[in-house]
């Protein structure tokens, strides 16, 4: 048998849901008290929040900003909130904040740091945002020299002539590439640049400085500290490790057994040891591996080793980006007659790098956090280096939480915003050009 | 040699502590101050003619000797103890002793201990990577006692742990103990035990082999000691140089015809400048560690030999 | 048919080294090899020259010299008379123990937090998000400092546990009390827990750098045996289920098999606990876990747990909702669905990043330097290096050991990955 | 499909009620998705539900095995009312099979394990027996040779047939299908529809959300048209297609048949 | 397609040999994909290659511009033998254009950049000139207005036409097509086929793997049927479709034409 045919010709209106399924009551019931377990969790969560606030809030509320030493802080707190009251001594920050940010960088030159920092974003803009005019890429290219000059000062001709070395590299490469192919031309360009740096750099820079002295007050790198140091190490090593990382990634994807094996061995070795051993290598062992008598700045040595460290991690990131490209891209490039290097440069890398930007940002974040480890080789990172110095001052001997909180908060703000930014990029890249 | 390097560079690289109250620590403007730092400045004044031409290279316990060996620093003045193996096996020269120290213990009064020999079973805070922990091990062993080491990374950490009660006793060089005790809000509740369990001659270190440079460091230091002996201070050094009749002082300050400086490759007035930089040994001590500072150390062993101490400068002639 | 095309392949021209794909690869590799060898020999040469200039040599003999320093946490017997090599082994064990425990703890916390973050409870979800974001956006070094400071600042001093006659007379309780019926005392200098002791141990064999402890080996053997028997038991239960459809209750059998032999062995060896007792300055007896250890463990665990929590969340979310619905539609209960459908699939997503997290935990134990925890870096790469001045040897040895640990962990990861790879068309 | 098309009326329909839905309403938040649903399904009936996208078809059949909760009204399946009582839900679910649009096979289990999982863990069938049943149904959907493979290794049509077999292994008395063919390529649709037609011919009670009107004409005894969360019209297929009563139905049919 | 279908024989074919393949064999590992291939293509010929899936069609045409390496035998393209000599490979590739099933446009470059990339970097054409040529071919494939867009913003048919234009910009003497329409929706297939037919009428030498038999009949001078890595049959299209000789060809034709 069949059901009689059925027809409804009036449209029923939308009705509101039953009362228990509406509004704030429903929200609270569903989100906080649905079931025994959830109720328990909510109460436990509330208890945890309460406990945390109860333990720390008074300390924050009793904070003192105006004092000249820890002892003074203590007596002010005792006077205001009664004997035995605990409170933060932010006065230390008021007096020493600049060391946490700039280290011993001369105060009259803080504007240079600020300017370099702002220009960093200008230089990054064309890389991160496709909408920015391509012409600005030249800004990105000259930024390393400019940033160096702003931060370290000295004659402008040093960085300019050093950049000219790169120009020479590019020139030699461009001229010789059609004749000799990419690796040989690149190698010769590199040799030319090195020769330039070794023999022409000093005289030419000196000559130019003599003719047209333009310069800033030089600042020695031992005056770098605090977040300035962290950012300098983080940014330079990520930027410098990118080319190396790309080469390693290409090596690891190569068909050639030896090239591949060497790349894998290098990458795995670096990734297999803790950063701290790399830092100790920079400070203890590098002197053994370099020709006798070479001795340069610890910051530079640390930077080199951190660069190598970052390169191994970036190589894996870039390799991931390359692996995400469909095979068809390689084949199309081959079929058009592009050679290996052109194909990599024009087709593969632009896409792979773009896909990898979020991961590169994450690598940068962890690297940036890890720059705090440089304190173990005597550099003045904000967390331990500067805090130790501040605590060595008789006036502030015994402040513990304040430096930690301040440094932690700055790190949090920087890293958190960067990680949000990389998430935003990830979302944006997914929908690009669609 | 190192002297030429330093002169060519125009700056003295001095390995120093990265934060030890009284000995070497940068102030709010990033200028290093302290007992060790003053010696660095004196050397710079002697060699380069300008006490401010010093680059202080902060070094950790682990990195200090490597930095010296690799030439990263010209001289290491970072409260380093002169020991046999450091002098021989590590291939360094300890050129002088600028501070006679010894390892001691600090405990809270309420512990009711009056001698280190009563510390059997105690928990002791101790900095790693120094001779201190070897001495401690030897001391407890020879007295047939046991202890629990609480290893700490640096001085401020040690102070915090000790104050918080994480250890019964804090051991380090007696000068350090005094500094810590001085900054405690309740200094009267802490005592430094009478036993000094080791000899800790602290002094400037240079590399083996460059004897001329070693001489410069050594004699710059002795110039400061000698100045104190002879009553020459930063304030009166100019005046003394022109008015003195004492031939030794004349030689020291380059006021006579003998050119002592030339024997080491320096000029005549090197010692004068060194003294003018931060004052004589006594002044440096008084300004950084002495009883008028909050650290409040007595001269003790570091008094001049004439006053019953060990500081004794060989004759300048 | 004769191959006319064989003819041109005969001749070899030098230009083929560059333009012929077959030879080109060889050419490039030879050049790379030469460059690498040049580079390596340059480094080695520099090292030789530098060593000669410093009048040093490469010699690992110092490993057998007396160390002279004490280590506050030793898993194998060690005194300051032991050798530097043995100190390094003690340090390595300390590294491994803190790494292992941190991995376990981080996993537990991470799984817990990851699941809580997925929960429908708004408040708890938010709290977990805050925890995750705060911990992972601040350097782990800071957390180590913070943990160490909190531990030594908030815990009572040992003397607060002291009970004097005067107090008994006045009926006063001491300021601080031990936990778990006098078994555990948390003080500001460490955590005192009972020590497991054997009154009839089986003895041990000293092999220089390491010591073979037969009692320990016996326990290990018993545990492995029990686990094997237990597996057998489970397999039997499974067989029964397959045959009859009903799975026999196995939990009490499991309990017996897993627990009884071990307990029997402990009994035979005369196992007893040595409780910490307050005496003199401090707690005597038991095991004193230094705060350097606890702080490192806690900080690493809490920090890494945030990454693990995110992995777990991603893994669970990667299993599509359709899977749950399909399982429900088949009549599977939520708990079974989780165990049979969600977990096996989520684990494939979770485990690989989990293992790399273990890798970074292991490497991060080297940050014990911040609280002077005497791990491999603290002993071999710290005090030994400092006392002997053998930085080249110590550093190379240390890197090598870390590298080996890392390689072992990644080998495990690869084995796992290939064993669970989903089969696709 | 002509060879399998029979008079749907011929297939036996008993008087017994399999599903009874009375005055059922459901909201998502404040959005009223199902409005006053009344519906009776007899044992052996084959019902096709169609309607525009978003009209609540999926939601309706998901309510029937409580993958979604309804707020007011009553759903009685095989004599068991669906309330929040877990026992009732379990009972209903073990009697109602469901096939999804996206198959939802378990990718980490082989085809055979997919099929035996629920019988073993829910029905407590011995493994051997469960496997025999599974092979039986695999033969029925004509892919016994794939038993040892993993879902990822099968084509879409094969996967959907496995999904049907998986439901059948629980020996359900009612089968729900939610657009079982809409994720498939044209060649594969036929394979799956054939399987479903065969099932219908064996007298299975079926509720099927589909836009395959050929299928509806071949096997359904009743077509239900939904719009805006309501059942607008229901009728036996011939009438429904040739003689739709409501304007909305006409519009809908003109769209999908013209396609 | 009737309006464009002409007698394929009418289009001029010269006597010059464009591609000569002799006794060529290829293995993937131990799997013998191409077995004893012998084939001559004259300048101006338009050849359609068909055959069941996996028969080695793609592999064959990919060997012709050395995207795959052959192991024995000889392939001579335009007088250049394909060996491992890179110069020869470069030469051949710059004379042979290839269009893929999945277009393989470069998603990070605009259409115009896609088209000018190879002329600029391989042929060293000045940018301006390359852009003029590119616009010429874009007009030819009837989408000049899309020049500034990115591939992701185009429909499949448009993308495939861009891919054809991209190959043409290198002014190749031979074009290879590997199932250029099989990833497209029916409406778009025609656009692409029209473009290809136009190309054929201009006398381009073409090798085309396709199952579009209408196309084969409209423009091919020769249809090659492959199976299991061998060339089984080749003939001019009318003969091939109406009068297949081999059993396998017959079977294959019955399948695809009945489809």
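Read from first to last, the chains carry the letters A, B, C, D and E; within each, the first residue is number 1.
In this text, a residue touches a chain if its C-beta (ideal position, glycine included) is under 8 Å from a C-beta of that chain, and two chains touch if they have at least 3 such contacts.
Values in this document were obtained by computation on a predicted structure and should not be read as measured data.
Common contacts of subunit C and subunit D?
Touching subunit C and subunit D alike, sorted by label: A.
Identify the chains in contact with subunit C as well as subunit E, in label order.
Touching subunit C and subunit E alike, sorted by label: A.
Using C-alpha centroids, which chain lies at the maximum separation from subunit A?
D
Whose Cα centre is nearest the centre of all Cα atoms in view?
Centre-most chain by C-alpha means: A.
Would you mind checking which chain's C-alpha centre is most distant from the centre of subunit E?
Relative to subunit E, the chain with the farthest C-alpha centre is B.
Name whichever of A-B and A-C has more C-beta pairs touching across its two chains.
Comparing A-C with A-B, the pair joined by more C-beta contacts is A-C.
Quick one: superpose subunit D on subunit E by CA and send over the rotation angle as a multiple of 5°.
Rounded to the nearest 5 degrees, it is 155.
For subunit A versus subunit B, what separation do you get between their C-alpha means, in angstrom?
So the centroids are 40 Å from each other.
Quick one: report the Å distance separating subunit A from subunit D, using the average Cα coordinate of each chain.
Result: the chain centres lie 54 Å from each other.
Let me have the rounded angstrom distance from the C-alpha centre of subunit A over to the C-alpha centre of subunit E, please.
Inter-chain centre distance comes to 48 Å.
Report, in whole Å, the distance between the mean C-alpha point of subunit B and the mean C-alpha point of subunit E.
That gives a centre separation of 84 Å.
Which subunit C residues reach two or more other chains?
Within subunit C, residues 18, 149, 153, 369-370, 385, 391 contact more than one other chain.
Two or more other chains touching the same residue: where does that happen in subunit B?
62, 66, 69, 160
Which pairs of chains touch each other in this structure?
Every touching chain pair, ordered by label, is A-B, A-C, A-D, A-E, B-C, C-D, C-E.
Which residues of subunit C touch subunit B once you look at their complex with the stated criterion?
Residue positions touching the partner: 54-56, 68-72, 80, 149, 152-153, 157-159, 188-190, 279-282, 284, 288, 290-292, 369-374, 378, 382-383, 385-387, 389, 391.
Write out the stretch or stretches of subunit A touching subunit D in their complex.
The contact residues of subunit A facing subunit D are 1-3, 5-9, 11-12, 14-18, 21-22.
If we count contacts the way the header does, which residues on subunit B are in touch with subunit C in the complex?
It comes out as residues 61-62, 65-66, 69, 89-91, 111, 120-123, 127-130, 133-134, 136-138, 141, 147-153, 157, 160-161, 164-168, 208.
Which positions of subunit A touch subunit B when the two form their complex?
Listed in rising order, the residues of subunit A that touch subunit B are 71, 74, 95-96, 99, 103-104, 220, 222-223, 280, 283-284, 287, 293, 295, 298, 376-380, 385, 388-389, 391-394, 397-398, 400.
Sort out for me which residues of subunit A touch subunit C in the complex.
Contacts found on subunit A: 30-32, 34, 38, 41-42, 44-46, 48-49, 181, 183, 255-259, 262, 268-269, 271-277, 280-281, 284-285, 287-292, 365, 369-370, 372-373, 376, 383-384, 400-401, 404, 407-408, 411-412, 415-416, 419.
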